[in-house]
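Report on the following structure.
Letters A, B, C, D and E mark the chains as written, and numbering starts fresh at 1 in each.
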Amino acid sequence: MNAKEITVNQQDPEKVNNITNKPESLLKIGVEKFFKNKLSVLGGITIIIVVGMAVFAPWIAPFDPAKQDLLNTLAPPSMEHFLGTDELGRDVFSRLLYGARVSLLVSFTAVIGMKTIGVVIGASAGYFGKVVDSILMRFVDVIISFPQIFLLITMLAVLEPGLKTLIIVFILFSWTGTARLVRGEFLSLRNREFVLAARTMGLKTSRIMFRHILPNAMGPIIVSATLSVGGVILSEAGLSFLGLGIQPPTPSWGNMLQAAQDFNIMVNAWWYPIFPGLMILITVLAFNFVGDGLRDAFDPRDK
Amino acid sequence: MITYIIRRCLLTIPVLVGISMVSFGIVQLAPGEPTALFIDPEISAEDREAYLEHYGLNDPIPVQYVKWMGQILQGNLGYSLINQGMTVQEMILARLPNTLLLMIVSAIIAFAIAIPIGVYSATKPYTLKDYTFTTFSFLGVATPNFWIGLLAVTFLSVQFGWFPTGGVATLNEPFSIFDRLHHLILPAVVLGTSDMASLTRYSRTSMLDVLDQDYIRTARAKGFKQGKVVYKHGLRNGLIPVITMTGLMLPNFIGGSVIIEKVFNWPGIGLLFIDATFQRDYPLIMGLVMVSALLVVVGNLLADILYAIFDPRIEY
Amino acid sequence: NDGSFDSTASDASATDGEPAEGGDLIVGGLSGPTVFNSLYSTSSTDSTIQDFMFNGLVEMDENVEPQPDLAENWEQSEDGLAWTFNLRDDVTWHDGESFTADDVVFTYSLPIDEDYIGPRGSSFEKFEEVVKIDDYTVEIHLSDPAPDMLADAMGYHVLPEHILGDLPVEEVGTHEFNTKEPIGTGPYKFDEWKQGQYVRVVANEDYFEGRPYIDSITYKIVPDKNSLLAQFTAGDLDHLSLTTEDIPSGEGLVEDGAAIMESIESASYSFMLYNLEHPALKEKEVRHALAHGLDRNTVIDTVLDGNGNVLDIPAVPFMPAYNEDPPVFEYDPEKAKEILDEAGWEVGADGVREKNGERLSFSIISNQGNSVREKIMLIAKQQWEEELGAEVSTEIIESSAFSDQVHRHEFDIAMRGWSISLDPGISSAFATEQIENGTNYGFYSNPEVDRLREESDLEPDPEKRYELIEEAQAIIAEDQPYLFLYNSDAYTLYNPKLQGHIMHPKAEFYRVHEWWFAQD
Amino acid sequence: MSKVLEKEILEKESAGEPKQEILRVTDLKKYFPIKSGVLQKTVGHIKAVDGISFSINKGETLGIVGESGCGKSTAGRTIIRLEEPTEGKILFKGKDISHMKEKELRKQVRREIQMIFQDPYASLNPRKTLGSTIVEPLNEYNLYGNQKQRLERVGELLETVGLDSSYSNRYPHEFSGGQRQRIGIARTLALDPEVIIADEAVSALDVSIQAQVINLMQRLQEEFELTYMFISHDLSVVRHISDKVAVMYLGKIMEIADKNSLYEEPMHPYTQALLSAVPVPKKHGATQRERITLKGDIPNPANPPKGCVFCTRCPAAMDICREVQPILKTKKENHSVACHLFE
Amino acid sequence: MSDLLTIENLKTYFFKKKKVIPAVDGVDLKIKKGETIALVGESGCGKSLTSLSIMRLVPKPGGEIVEGKVNLDGVDLTKLTENEMCKVRGRDVSMIFQEPMTSLNPVLTIGEQLIEVIINHQKVSRPKAREKSIELLKIVGFSRAEEIMKDFPHRLSGGMRQRVMIAIALSCNPKLLIADEPTTALDVTIQAQILELMKGLTKEFDTSILLITHDLGVVSELAERVVVMYGGQVVEEAPIDSILNNPYHPYTDGLIQSVPSLTGEIKELHTIKGNVPSPDQFPKGCRFAPRCHKAFDRCFNEHPDLKAISDSCSVRCFLYEDKQEEEEYNV
């Protein structure tokens, strides 16, 4: 058959053409774009270091973070205590390391939790539309319209205070942004032709939602997740300022900074508030840089 | 447009009712009650009972809710339990203007700094200048609010005496705009910096997007210089997503202002909220919840309206 | 150690000549007022501001001696069941009406009315009737003798009958008078209350002890402790009560000559409240061991920077009834261990003591926003865990929830403090009858203490009464229902120009109408 | 060629029965609500498809032409039930599928009607490799034995459309437009469908590649007796591939006829204008038609004229055209037209 | 007639990471006053980029004109500063872009978009500019021009927008109008209207037009001469008749044969096998060689030059080398 011949012939040049031209995968392009942004790379390295500090805290820390030395309080940095001691004579450096664990644990779990809820609700609203969408979005409206601070205070009073509560509270009231974001993505993706194509193939709804649409919405979700990690660290610090953060004696950067927010300490032991403050600053900055780099890396447009 | 606004407002009623129900529930769930405050002077059991009975705090929650709703429908937010003899309305109204002022000014500051930086970064992406501005704006978002606030008070106000240490106006002095602004600057700047970064990023991304559009090329082809292309043809389009963002940012402003209010001794509703919650002043809490929910709703509405003004493709 | 900082500065300013009129005294506090009516409010801010505007019949001076206020003099009947007060006849209300016996009858009949809704009923429990004898004489009939009458009930401010008298009793608490137009007899008149910002009072030209020197007092509301200090440092406040943590900063200011600092023992004490139904804490030996196991001196040194005294009984040293020689539980970990060993608490495999399968394990709770308590709690945790083999967890709870939890007896150990009245009587917090629905949250019950308390409450003779009280104090110290911690000093920082300032264990602005500003 | 395909070919060839109707659409309507404002209140309807009827026989191609926005894609999507029809019936092999539930559709219909989408790039999931895109429906329906066999099948399919089987682990963005279009075809073939709706399958391509794809489609049709509904606005292309052609305007079919009849003797003034407006390369010997220039505005689909929808631009419009909607009527053998001129 | 625009050896490259993409690789082109020239070729062969290079609007960063001259009325546009170039754009050369749907600013009224360009280049008052805009809209066939002035682009149909674009392009009576696929997004009946309009222009204003398209039908409607591009280079240049009836280059031939016709016998469509090579992967020899059915050894090893083979025709193909040499010899 004539047509057949043609198709067979057609192959050759393309083969030559496409095989010599080693294709680039999406991931590779993304990674390359990410590495092009020097700030994000810097941010990434910083995060790795901070996470490393948190993970290896028991091996790095020279002291037990809860060990008090009441005769040596608010000591300035020295050979024994690199970053000095706090108002109960505990080693600030060790506490910073353990504080990293708590701060990162809270932010990672809270972010994972809120993104999961946000994705599921946003995806359902966006994909099914109509009544489902209206109901879920009104629900989101209600939650968003609540003053966060009120919710935080009352929830912290209702539930047992502590790490778990804090995480739950963050999750319960912070998923709404993600839900809106994901809904928007789903709304625009659900009528894209590749989704329609998947439907004509007779694929199951759940598969279409989570295997076809979700991966395409992943970019913005990951970006917002990195940014939220920084946000949660800051929120925890803010709550600590109001006295509602992580319970002592567990150290977190937030409650360390809060404990140092004393006029006397600020003037006479100025180094003490600097360190937790810097850790928060650097870490949040790093996450923001990474998020920013990811935003560009996931941006399909080539710049 | 007007019918649209009216319809929008009507639509918020169910949302507000939902909010009121949920928050009523949450408020009552919290352990403790207003009399907990009286613990120190050894309030007697009878006094406490009489108190709870008198204010209806012993009723089942649904009954309390219905009573409260009844009051609302009569346009009355009730009386504060703590500041006896004061209505919730007057307590909120005494503070609301301060919060609004702070929010608006800090938003203006955030916009005034963020948008030019975002636009500039977008015209020179991935250059040293872009990176510098990025870092600068991120610094704002990455520093804990209260930390900068306290540092600012300690150094700028106390040590150098450049700014007042707090409050909305100098005591015992006649009203003057300058004085008010002088008090406003530090809190507004500190509050503004935290939103500046995200605004900068949004306007940068949005402008990058816009500058890639065909109509920008058209504008160039018309022979316009860079400045006119960017500001006349680019900026208005680039602002549209930024405006939507602003509407969504409003709840953050209310939440974020609590800390600023505390640090700068700014008598706004954030602090009142904290006090009311800590003291379990139920009517006041509910009033505040409703007011701030309303603010959020109004903010979103405003964003929609601005959206329509900026984007002729949207028609109501 | 009081008065050690002020000597040079105040000596210098004491020579600043004659009192002069003028000036605005700006003072600061963390929270705003709630109501301007002492029968309906409990907060200390309230009473501070109320004191500017109102008077009681009697006031307690800085040495805890009763002094005439609206009453010129008074006498008690033999049986102690009737008190007669002769009132001043030269007093007018801020609105020009004269003050008479009607106002007093109205005021003190209010809390005994069954429609009264307010927190102060317990101070007037023994009141049967308040009777007007003539325009300037009032008689109060009691059901039982009340030796604490002058220090307690008579300190409540007299309210204007001509304004509130016609109201149904249950509405007095919510009348606008309480928040918007308080009318008193005091040295200052209400001027303005700007929500969340300040309360201002201005000099009462017609005050019965003469016009106050200072023209006005502005009570600034500054919700953050650090901001308060910052404001004082910046010269925006003239007077500030310091928390112990801020004392070093205050010292700095004193050195710079920017402030005068004075201190006095405060009428309050701190303690750890035991729940005596806790399986381990119910044993007196355990409580003794815990007391031996906590180094309270170090606590005071680290946490309070040395500004406080270790306390062993529920009373403060300047009070007339103060047992100088109660059972004392000094810091002695070895002894503590011995006591525990003897009581059968043996160290288990994981280092925690056990007895009959019960672990020596408990939690300490404290309220949010009090860093001193928080630190003490953490020190106790460390010392008890390391040296005694206890297992201690700590928890900080939002204040209202904390109170609620304490009310409902849901705690093992709670960090608490009492601010005490200027009467030395044994607090009801140790009375068995107060366990249910009362202030005895820790289930303390000792019939002997109950008996002594009742007797002392009825004993009209002060000396005998003080003996009974001291006896009870010793028993309580031995029983250790509380781990008594300390009684701290109250520090005040004020503008060096401010003259005539008097420290008082309870009233921050004692006799403020006699204060004045030195002229430049 | 795969065994299965071979077998099917055999079956089909041996059947040799007269062509039978496979798809029939009667009075199909699809209205889109026009929503206004953020409130999303419905303020009217766009009658994207407004009562179309036709039928296609097995192994035939129906071409659908009309200017952009006249509802061609919507018709295609509604027939394949990606949109809920507002009204009307869709009979597939005699079964009414117009109101079938998604689950039922999956069981009974999805495999057999497939669609090639207008934009080949948009219709491929950018985050899935070619192979996984094509193998997915096979997994879904448990076809072709185990995973390995399925992958083999994918390789065969790729070769069928003239692509190398080694391409299967590449991503869509690594292909050229023509290749993507062929990937789209390979995917539709994966489930051995009987009907393929090709929505502007070649419009995005340029002429030389367009020619490749059209040839391929024709070859496949011959081999597997496929039925096509070929949507395009390019009249020359439609002429090339179709047996029957329907001309749409503003949601309605104006004229439907056998290809030759339509191109040689267009009846409807719109068809005539359309045919005359196509620019043709003026080769020697090519006849240039006289161009009919249309005047007047294209009506708003939300508010179409009362009578004939074409009356605003029709050079031959009469009074009756502005009042009464003409109905599609058979005027000649296999030639129907909706126009008052032929009443 | 003199040459209005001469492009000599224009090279516009993209610089990406480590790669250099020679998207336009040595294009020569001449346009006379009042002449319409069509630029055809497969998608991605560099047509749009050539026109953007004339306007100096090559996408940045990445794109750059690396070599060549673009002479407009004796001025080399590649040497002008950005500011000088701003004066040329819109006034001397204007452009109609490929995408009418997205080339108008959505937030400005049609009127504003017209008026601004008139004010920018001609020192006239706003009311004057307004008048002129309305006139222009009428010229491009809007009957309700005043109302259209106040409308926003989203209310107009694709055809209307394209006509607005044309009005903008014409507003300053440019010497050269570049029309990049001005009708691809439109449907045939509207396309016909626009082609009429453009025909009128050349007659009335003596404007030269560079028409870019791949629709040979459109070309034969409008253009006098055709330039065929392949792989970033011109492969053939000839009058329209010659191209349609007697194409020299095998690529041109293939292209013309692939067009399905509206009349005549239906046969298997002719195809050119393979795809356009991507610009960073051009083969060593003739860029069309891998797809050429007439290719011989030399084609795979040597790169042919564009050579004139007659007065009006040039072609880049070894098939015609001999013929041309002969001709040269004869001359």
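Simple rule for what comes next: a contact is a pair of C-beta atoms (placed from the backbone, for glycine too) under 8 Å apart; a residue touches a chain by one contact, two chains touch by 3 or more.
What you see is a predicted model; the values in this text were computed from it and never measured.
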Given the touch definition stated above, what is the smallest step count connecting chain A to chain C? 1
Larger contact count among D-E and B-C belongs to B-C
Farthest chain from chain D, going by mean C-alpha coordinates, please. C
Geometric centre distance via CA averages, chain D-chain A, whole Å: 46
Distance from chain D to chain B - Cα centre to Cα centre, in angstrom: 53
The distance between the C-alpha centres of chain C and chain D, rounded to whole Å, is 88
How far is the middle of chain B from the middle of chain E, if each middle is the mean of its Cα atoms, in Å? 54
Per-residue overlap in chain A, given as positions that touch at least 2 other chains: 3, 6, 10, 14, 153, 157, 261, 263, 266-267, 303
Which positions in chain E are in touch with at least two other chains? 268, 271, 273, 275
Where chain C touches two or more other chains at once, the residues are 226, 230, 233, 398, 400-401
For the complex, give me every residue of chain C touching chain B. 24, 26, 31-35, 40, 42-43, 116-122, 125, 170, 173-180, 194-198, 216, 218, 220-224, 226-227, 230-231, 233-234, 236, 398-407, 418-419, 427-429, 437-439
Given the complex, residues on chain B that touch chain C span 30-33, 35-48, 50-51, 54, 79, 82-86, 91, 94-95, 98, 150, 153-154, 157-158, 161, 164-168, 171-172, 261-265, 267-268, 271-272, 275, 278-280
If you look only at chain D, which of its residues touch chain A in the complex? 77, 80, 82, 102, 105-106, 110-111, 113-115, 117-119, 122-128, 136-137, 140-141, 161-164, 166-167, 170-171, 173-174, 179, 184, 187, 190-191, 212, 215-216, 218-219
In their shared complex, chain B is touched by residues of chain E numbered 55, 57, 82-83, 86-91, 94-95, 97, 99, 102-109, 116-117, 120-121, 152, 154, 165, 168
In the complex, the residues of chain A that touch chain B are 36-39, 138, 141-142, 144-151, 153-155, 157-158, 177, 180, 230, 234, 237-238, 241-242, 254, 257, 261, 263, 266-267, 273, 277, 280-282, 284-285, 288-289, 292, 295, 301, 303
